[in-house]
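The same subunit A turns up in both complexes below, where it pairs with subunit B and then with subunit C.
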Partner chain A sequence: MLAVRPGVPQPEDTVQFRVSMEMTKVDIKNYLEKIYNVPVAAVRTRIQYGANNKKNHKNQRVKKPDYKVAYVQLGKGQTFQFPNLFPEKEQDEEARSFDDFRKKYLEKEQQIQKGDPRRGGVPDWFGL
Partner chain B sequence: MNSSPPGVHIIRKDAQITSELTRNLFHKNLAKVEPPHQLKFLHTTLSRSGLEEFFDDPKNWGEKTVKSGDAWNIKQLRGKSSEDLHKLWYVLLKEKNMLLTLEQESKRQQRPMPSPERLEKVQKSMKNIDLVVKERETALRLLQTGHEKPVPGEWRNDFLGRTYWYTYKEWPIPWYLNKKYKKRKFFYLPHVNHFIRLRLEKHLCVRARRQNLEKKRQKVLHMKFPHLAVKSQSQ
Partner chain C sequence: MRRPCAVLPGGPRRASREGRSLRFPAALCWGARRLEGCPGHVAPGAQPRRAAPAPRPCPAPRRCEMAAPGGCRLLRLGRRWFSQEPAVPPPPGPLYPPVVASHTARSKAARRRRLEHFHRQVHEAASIEEKLRLYGKLQRPKYTVHPQTFALNADRWYRSFTRTVFVPGLPPPAEAAEEPGPAAGAAPDADLDLGALRSLACDALLQESFYQNKRRPFLYRDQDHTPGPFLTQLVSSLAASLCGRNPLLAASSLDLNPEVNYYWHHGEEVVVHGHRKGRVDPVRFQIDDKPHLQLRVPKQLPEIVPLESDLGDVPVIDHKPSKLPLFKKQYENKVFIGSKVADPCCYGHTQFHLIPDKLKRERFEIANLEDQIEVVYRANGVASLFAWTAAQAMYQGFWNEADVTRPFVSQAVVTDGKYFAFFCFQLNTLALTVETVKNNPRKNICWGTDSKPLYDVVEEGSVKGFNDEVLLQLVRFLLNRPKEL
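Up next is the complex of A and B:
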């Protein structure tokens, strides 16, 4: 079972999970209540079909796995907001200097691609 | 008394408000679950519920790497009591759920997952616990009944000459009344012996090839790094 950020905005008391295909609504309710001690009011499930359209280098169809999605409504008026697990953090000196170096290099590359600024945007194809 | 607006399902049971899972086939299962009157103004946050266990320690959010110890070894687990193993199993299960959540979120945000080797360690530990528990169960079973396996079975040959362990299944009818079962052949005819020999040769060839390759690789390494050679134990 894993908690998942909902693709479509859900009501505040609803948590979205991906669960094993064999789990039922009652199973999910008991699982959360007993193992995580979370009060569950209602559970709704659906099975998401994984597409079979992509092809690999051998031109064989590659199937994405199917999975079951559970929408769990919390009891006792609890709310849940999926947190941001990748907040911007302070970089240390080494990382900052490396980032600066990388930015400068990319800028140089872009400048070279643009061409000589003294030509005023005229491409090199034209002589002189 | 029951001042609930129409259309809202609140089940009261002995003055205690419990929300039961109604498997009512007549209504659509989209019951709007409203918090009861007394608790309407109590808004609990994430820290109150156990859902925070699906995520790592907030200090680790946004880090590039998270330090973690080694996986549990079978030898270490064999020394633990069954209660300890039971608790450890659930700790590992919650950790695995947390890591899977993190993996999915990192795929969603298109960011690298910090220290993905934690997942492998947890899976290895859980596998080791399973092995230890199975060992203990077989030992108990041997002492109590004298049988090693939980389900009885026997060695059988299939129609291609391969030998495999057949486990007995539970059937409502005896085998001689089972038409589909009678069509299965648990023996092979003499013309198959030639193919058994060929299969054996193939298996031996593959094994010899693998062993030769390993020996060659060791020789190359020995030549490249003589100072790292394992010294023989002979005196």
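Up next is the complex of A and C:
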């Protein structure tokens, strides 16, 4: 049982899980209610077929595994929003100044690559 | 063999430009061979062959620059090549057809033109049947909306699909509002013989559940076993006894297990799979409802509030309807009120719905979903009444491009045999498509109550805890009639 971020936007009371192929809707409902104390109003499941089109270096078909997806609607008016697992981190003073320094260095390198601005983009080897 | 040669009738021979001596009209040449020395011969495709009439002076001797030699000669043979009649004045109006977008191109202008053509076709349809046929001609996958559904919070979704505002409680009776005198307000209720009506209801209930010996019901057929026949008996006997007080009931038609269908568009989506992938399509819905009983009348019920009233907000749901869950299927786009268009009883009065076994109260209580019990009643009321009133409006010729000019009102009673919930629906607008809903301030309104029990229990030949309020509300529903009657 793995809670996943839905690929398509789901209503607020719906949580999406990837579960084992042998689990049923009743199993999922009991699991969540008894182990995690989550009130479950309805469960719908489907089996996602894993494609068998890719080929490896030996030209054999490689199958992606099938998995079961469960959409659980929470009861008692509860809602769930999948959290952002990789938020933007607050940079401290040292990291920020190092970033600025690195940015300036890279800009200077790019300027040198371009060449003398007075030549208007004409390459160095062009001339008498 | 000598080739045929025609001597030109009349007129002296004129010297041709090439100076040949033999004049040979092209009409007498045969074969495609070019005949040498034949100035009059022209290749068959170059000029149409005509018989040579009396010769005339060539009207434009130096102007005809034809490829074939002697071609001018043919013209000089008298054929007119410009009209010599007096000039006709040009016809009034534009000379050229109107400049419009293409009909078949893959462009937005072409799509708009095709839509306008379709709208014009439906507007100009000769009869209502033709209009309905054209409206539902194109079949595409559509969401089937079931009024009786186990989906959670279905009534909120259904209200967003049908642009309906839900007002808890029933509207105040119109007579009490208009005539504030106490005698006038109490008159309709005071004359009722509540005892007789109560005995009718109790008789029906006892007959079905106590006196009649029935076998045990089959699995999931409980509702057809007792509450179904009880409801039919109750409504028919009450309607028959109240005919004297309400002449509309005498002219009404009571349908048993009728069918009510409605098809409409609301919102837009992008097609995901298939050969039409990427196109923007309207979202199509279809309701196929089978109420237990239905009363249809020849005159329409009066409006409860004015057409443009705003009594609340319509819930807006951004998600696709398939998240409800709602499923798509493609089949006939039917619009039907329970009888065909020619039937005189074309307006709706009251519908009676029976909750099926899968949606009984006990099942929700076992599953800890008490709050969803009322949702079932509300969703049933909103969806069924919207379908019925909208189909009635379509029977009168209105559709989403020609919005209703008067509100359509109908009532419904949703019950599971013991608990009764009453609903009242006023259809103010049919315009739910993307273009028509943009500037449409009107909303449909649904009033509804919570479910209340009619009785507590039936034991040993008597009904315990009979609730007169519910019976009174049912009787008031049946006595509802337009003001003229």
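Everything below uses one rule, namely that the second predicted complex is superposed on the first by the 90 of 128 C-alpha atoms of A that agree within 3 Å, B and C clash if a C-alpha of one lies under 4 Å from a C-alpha of the other, contacts with A are read in each partner's own complex, and residues count from 1 in each chain.
In this section, a residue touches a chain if its C-beta (ideal position, glycine included) is under 8 Å from a C-beta of that chain, and two chains touch if they have at least 3 such contacts.
Keep in mind the model is a prediction, meaning the values are calculated, not measured.
After overlaying the two complexes on the shared chain, residue contacts for A:64 are found with neither subunit B nor subunit C.
In the superposition on chain A, A:104 contacts neither subunit B nor subunit C. In the superposition on chain A, A:55 contacts neither subunit B nor subunit C.
With both structures placed on the common chain, the touch criterion links A:81 to subunit B but leaves subunit C unconnected.
By the touch criterion defined above, A:89 reaches subunit B but does not reach subunit C. By the document's definition of touching, of the two partners only subunit C reaches A:9; subunit B does not.
Looking at the shared chain after the overlay, A:73 reaches both subunit B and subunit C. For subunit A, the partner touching the most residues, choosing from subunit B and subunit C, is B. On subunit A, the surface patch touched by subunit B in one complex and by subunit C in the other comprises residues 13, 39, 41-42, 44, 73, 75, 77.
Within the complex formed with subunit C, the residues of subunit A that make contact are 8-11, 13-14, 39, 41-42, 44, 73, 75, 77.
Residues of subunit C that touch subunit A in their complex: 150, 152-153, 317-320, 323, 325, 367-369, 371-372.
Taken in their complex, subunit B has these residues touching subunit A: 19, 21, 29-31, 33, 35, 39-40, 42-46, 48-51, 53-56, 58, 61-63, 90, 93-94, 97, 100-106, 108-109, 111. Those residues of subunit A lying in contact with subunit B across their complex are 1-5, 13, 15, 18, 25-26, 29, 32, 35-39, 41-44, 73-81, 83-89.
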